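Below: the structure, in structure tokens.
Chain nomenclature is as follows: A, B, C and D, assigned in order of appearance, with residue numbering initiated at 1 for each chain independently.
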Amino acid sequence: MILGLMAGLLFTPLAWAVLTLLSGFERSRLISWLGILIQSLVSFALWAAVASEGGFHYQLGGWPAPLGIELRVDGLAVTFVMLTAVVGGACGWHAGIYLDPKKNWHRYFWPLFWFLWAGLNGVWLGADLFNLYVALELISLSAVGLVALGGQADALRAAIRYLMAALLGSLAYLLGVALIYGQFGSLSMGGISELLPAGSGQAGLIFALVLMIAGLALKTALFPLHGWLPPAHGIAKSPVSALLSALVVKASFYIAARLWLEFGEHLGSYGLAQLVGALGGVGVLWGSWLAFRQTRLKQVVAYSSVAQIGYLFLLFPLSWGVSEAVSLQAQQGMTLQVISHALAKAAMFLAAGNLIMSVGSNRVDALAGVSRFLPFSLFSFGLAGVSLMGLPPTGGFAAKWLLLQASLGSGQWWWLIVLLGGGLLSAAYVFRVYRASFIENSDTDLFFHPSRSLEVIPMILALLSLGLGLVAEPVLSVMALPFSKGGGG
Amino acid sequence: MTANTQIPLFALLTSLLASVIIFALPEKGHRLRTSVNLAAAGLKLILVGVMVWGIFHGQSFEFAFTMLPGVQFVLRADALSMLFAGLSAVLWLLTTIYAVGYLEDSPNRSRFFGFFSLCVASTMGIALAGNLFTFFLFYEMLTLSTYPLVVHRGTRQALKAGRNYIIYTLTGGAVLLLAIAWLHGLVGDLPFRPGGHFSGLEPELQGPLTLVFVLLIAGLGVKAALVPLHGWLPQAMVAPAPVSALLHAVAVVKAGAFGIVRVVCEIYGLEAASQMGLLSGLALVSAITIIYGSTRALYQLDLKRRLAFSTISQVSYIILGVSLFGPVGVAGGLVHLVHQGIMKITLFFCAGNYAETLGVHRIDELDGAGRRMPGTSVAFTLGAFGMIGAPPLAGFVTKWTMGTGALAVGMDWVVVVLVVSSLLNAAYFLPILHRIWFAGQQQAWPHERRWGRLETSAWLLWPPLITAVALIVIGLLASMPFSPLSWVNLIVEQEVMQ
Amino acid sequence: MSASLLYALAGVALCGIGLFGFITLAHLLRKLLAFNLIGSGVFLVLVGLAQRHGEPDPVPQALVLTGIVVAIAATALAVVLIRRYFHLSGHTTLRAETPERVPGRLKPQTRGDNPE
Amino acid sequence: MMQSSALLLLAVLLPFASLLLALNPRWQTIYRYCLPVLPLPALLLALLAEPGWWLEMPWLLNGGLWGLDELRRAFLILTALLWSVAGLFATGYLPDRKLRRFCVFWTLTLAGNLGLTIAGDIASFYSFFALMTFAGYGLVVHEGSEEANRAGRVYLAMAVVGEMAILTGLLMAAQLSGSAMLAEIPAALVDAEQRWLIMLLLIAGFGVKAGLPLLHFWLPLAHPVAPTPASAVLSGAMIKAGLLGWLVTLPFGQVSLPMWGNILVVLGTIGSLGAAALGVRQVRPKTVLAYSSISQMGLMVLMVGAALAHAEAAGAILAVLALYVLHHGLAKGSLFLSTAMAVPAGQGSRWGFWVLIALPGLSLAGLPFTSGAAAKLAMKEVLQPAGFGFFMADYLPALMTAGAIATLLLIWRFLWAQGQVARAGANPACMWLGWGLATASSLALFWWLPWHPSLPGIIWVASMVESAWSLAWPMIIATVLAAMAWKSVKQR
């Protein structure tokens, strides 16, 4: 049964990709929806399996470690697989209706979509450094393709800028992997973490870790290296930008987080941790400030992604050199932040897409009066905004609460300013959009009403993000499995 | 899930469900929306009644589940929460009736009533919250659900008022979150327990706990409109009358005051708070707010702004009462929570009636209103006299109890504050009454509307009359078993005797 | 100075040159070439560092092979994008930002061309 | 017992019930004619019920206690009688314009006045007191003229400040006594360490209503502007509420306070003489009467001061005070009502009319065989300086005679002013009836009313003959002075 599940996770997406490549838009849409259904069922089955029996290792095709691909299926990975299923499914369903079948290169959306999905599953489950590199590359190339899909000159410019940044990041990561392999002769994360105590402290290894984290930070658009994200996410089609913001940036962060948690104690240093945390903090404040000043709606949401990513990197200082309980709290907080941000950001982008389509212009102040005629999408945009602000009862609040507790527990009180200030600033730009939509200037309803199902999808995602706050406890308990040493490999 | 645990949850869910249904209803479905609204309000009233009856006979109602590792979501109905829950349930029913009449033909009413019941759901949540975490959860939900009500009209001015409202309340919320997280870090998850937790306290915790107390009061003070943090309240007057009635008489303002009461009585405990010298500071701030609010109210020309400033001063009575830490003083403060709610909602209903029927917003346009709208004016007069503290109305009961309480603990200056504020109340209410009853009508009403036989539509007339009668009954029968005063004595027995 | 260390150092030097070119050169094709330079540098380091007690170690060879495949795919995609970008905007560098279009309040069209 | 508590409840609730008549404009004529009927149950209660029982109402406010004792009975008789007579007069006097509003405020003030007389617990006493004050404002500004509004503002401002003083005083006293009943307050005051503050607050608070000097400014402004029946009641019954407030709260008979006694006697003297000095220079008859009320209240303050200073004699002084209040209320009520009467045409009836107007005035000054004489003699009897220890004691007789002279001067001034202003014409029947009843009750009915049992025997008509001279000579002096003043005015 596990073999079936594992095969379903990695290979079926590639199969769907090839199938959709061969057929036109309508038929590939049908195949894709069927594929989404199967993927979701498989992911849910795997989640249930891990929830009951706990994490396990799986050699793909039975090949042993050094040459074969070894997968580590534990609570965290499975939760992210589940997240990908939910968000990917929603975006796929939304794109099916949203994209115009008549445009010829829209038919290439589906293959890229499935490649992206396969790459994501590869990252979540990969335990081998080099396999992570390959999956990362797969994600980047398909994401660049999606951004450039059917776009004009500025879409292509954004795609090229994104490609350059992604490739540079991957190569830096690969160089790091090469250096570590040179030192330890093994690529599996678990194996290296055992050999680490012997070789810790050597300059070469520290440089390798810094290189890898820098490369991944570039791919996750951490503060100084975030230049490529707003144009890319802002210009792409809304289901694409939802996928990018919700999942793609999280993949590279996921790897960076795993590296830090495995190798951090020995190779990392207090200075490095605080530096990354500081970059994250400044990213939160700077991203929110820029989001507040944007004139175009999707740019506002894109810069908000830059801000929210800053929160994630608070994990580094909060899990280095602190007690086990505080570190666990920080990890739980970070995971909840990733999940709630993915759901909320996807909902926000999809809702923004609906609003722009109905208003006919992507400027924020063109939204006047939409609250009267299109309350549903606006309401889901608002709910997603509430989760980004970290106000109760949303998942964002649960994450902020745990990070607050962790920073208080570890005595690093300065992260409070980032957490609370970030919350207030995000309130600023969400309510700016709300303000614009509440202005009553015309009684006539000259808005284009998108179809009902387009409006329902973002609402579902927003409600999930809202509900996450209430069911945080069970989600966290399943996720806790991997970090207990027993679960690992 | 025995019956006792489900009732608080159902009480909360009635209005949550109502708001979801109303959002889904089409804009044109007026009759259906009104019936859903009234059904939800009625059901909630019954549930609260059952809980009040249960608590009177010593049962306990509690619903809890762990929301985050180490943090519980607790809904508990105890005597203090029933005081606030009962008040908001009753006044929500009346305000809904009033709002249906008030928004007769205005746009996006389903949005209004949706957020309206969401706002009451969060007020009910605040009342039933069992620990600080749940309290904060509904406290922030209240902010979010009241913003669209404040900016309902969509005019530039409303949006500006909304912006200020959000800036104030969200900053307050952030400060409160910081305080709660810090408190949680220091002493772990604290349920609300009569008598508080910090009676026998080791000295080295004293410093941080005082700082946490100041942060808590600052966070809650924004909603309770304590002096430096009250700026948003007069500007939020631009909202429609039922909103300013519910916001300023029951939901928002009282949430802040109720929060401070919970923190002082059931987290810190009255003895501990007074030993740590916190209460004298609190008493000072609330006294300043009382005097400041009343003096500012003197100079307002707009009727609702004058009522808003009067609310600022009246709410601080509650906080002053609690900081008197004697049993009688605390009883006076708590009973004012109910009395002020009823009196202020009567005044806002009448202000709304004047605005809606005669188009009158400023005080100097009120000449001769008594002759044109006798029913509303009688209700307004009773509310005004209640505010001044003229016996036998509810306001007098509060001032008398607080006065005796203050003298009992030897804080004589509190009596001076009470007297000065009563004089100021008289100074800004009596001229209005003079204009209503004794001044002849100079110019025609700005834009008058006729509703046939009655002076204004039945939906608008009955709520103020009901609350005015309630005002007299509560004042006269203050020592009956189920009157607010005796219910408060029940609370104070648990609170102070611990 | 065993032979493998020599290869590794050469690889690192190649990476440095490639990185320098990647950052300073404006023309997109030159950037692409610089990228390939860094790629081969990294592969050289991978191979150089991997010599293990005499007999050949199969793992780095496999890694390098996979790395080369990935690099080719990436380069192909980059060339296609650059060509299309040149065809649409006539620019060969990312520098020239077209002035921000102000679409204003368009009449809502049919579902088709969505003005994102 | 049962029927008297039912009568008590009826007496207080009937006015509130009559408010329902205001709901429909068509019923206002009915409302007009039921004005005199409203105080009747209270009058019946005062006359029939024997004093000393109380009706407990634990559910009302924080423990209600209504009932009558010896002192309250006298006040209730006066209040009920005066309100019914004025009500009768009002039915004839009132035009139809703004009638409903007048009736509403009239019934509310009546309810307040009756309520505070029979209230035994602090909360209901203070409630009725406040109700009377605020409703009284409605009567004062009824005319709606600018002068009325200004008088109303002064009245209200001073009344509210006074109320706040009373509230604080009662609050402190109640907190000391620990109970919500009025009866316990004097006992609590005896040994309170802030006694001076509480007494200051109570005396000042009730003093505003009773017209103490420097607190009297609203009185001469409010009376002339109020409609005549309202000013009659205002001056006759409502001022006495302040006096009742003192009698019920201050510690008479339990401790002798010479210092407070002296202060009050001095204030009383200033009040009576100063008011007379000001009153004599007034032109409008109602203002003159207002000042005469202040001067009469000055005399009563004299007695209160004496009672405070001399605990043993307090009981007797209070009895005399009750009698004096009854006498002054009725006389002043009929005088006020007469200001609105038109002089009848016929020569003979005109003379009779003027004599009937003059008689209550003269009785105020102490004309033998009138209620005034009885009150003055009782006062002289009880204020014998012999037994008193306090400083002002031996000046009392001199002050009393000076007071009598001042009163008569004011009466002559009033009669002259009324003469100037009086117009000839017919009066509606109710006004004749109302005024006639008032004068009759002041002159004749006074003797049959049940007096306070502990009154000294001297005041009976029989014993009045030999003391007639002691009453008459101050009046002769006053008349001579008035004549001289009148002549000098004539030359100019």
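In this section, contacts are C-beta pairs under 8 Å (C-beta built on N, C-alpha and C of every residue); 3 or more make two chains touch, one makes a residue touch a chain.
The shown structure was predicted, so the numbers you read here are calculated from the model rather than taken from an experiment.
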Chain pair with the greatest number of C-beta contact pairs: A-C
How many angstrom lie between the CA centroids of subunit B and subunit C, rounded to a whole number? 63
Approximate Å spacing (C-alpha centroids) for the pair subunit A, subunit D: 87
On a C-alpha centroid basis, what's the spacing between subunit A and subunit C, in Å? 23
Can you check how far apart subunit B and subunit D are, centre to centre, with Cα atoms defining each centre and the answer in Å? 45
Chain contact graph: line, ring, star, complete or other? line
Pairs of chains in contact here are A-B, A-C, B-D
For subunit C, which residues are in contact with subunit A within the complex? 8, 15, 22, 28, 31, 35, 38-39, 42, 45-46, 49-50, 52, 57-60, 62-63, 66-67, 70, 73-74, 77-78, 81-82, 84-85, 88-89, 91, 94, 98, 103-109, 111-116
Complex interface listing, subunit B residues touching subunit A: 23, 65-71, 73, 107-108, 111, 136-138, 140-141, 143-144, 147-148, 151, 153-156, 159, 162-163, 166, 170-171, 173-174, 177-178, 181-182, 184-185
Quick one: in the complex, what on subunit B touches subunit D? 385, 389-392, 396-397, 399-400, 403-404, 407-408, 415, 419, 422-423, 426, 430, 434, 437-438, 440, 475-480
Show which residues of subunit D lie in contact with subunit B when the two form their complex. 58-63, 101, 123-124, 126-127, 130-131, 134, 138, 141, 144, 149, 152, 156, 160-161, 164, 167-168, 171-172, 174-175
Quick check on the complex: what are the subunit A residues that touch subunit B? 329, 332, 371-372, 375, 379, 386, 389, 391-393, 397-398, 400-402, 404-405, 408-409, 416, 420, 423-424, 427, 431, 434-435, 438-440, 443, 469-470, 472-473, 476
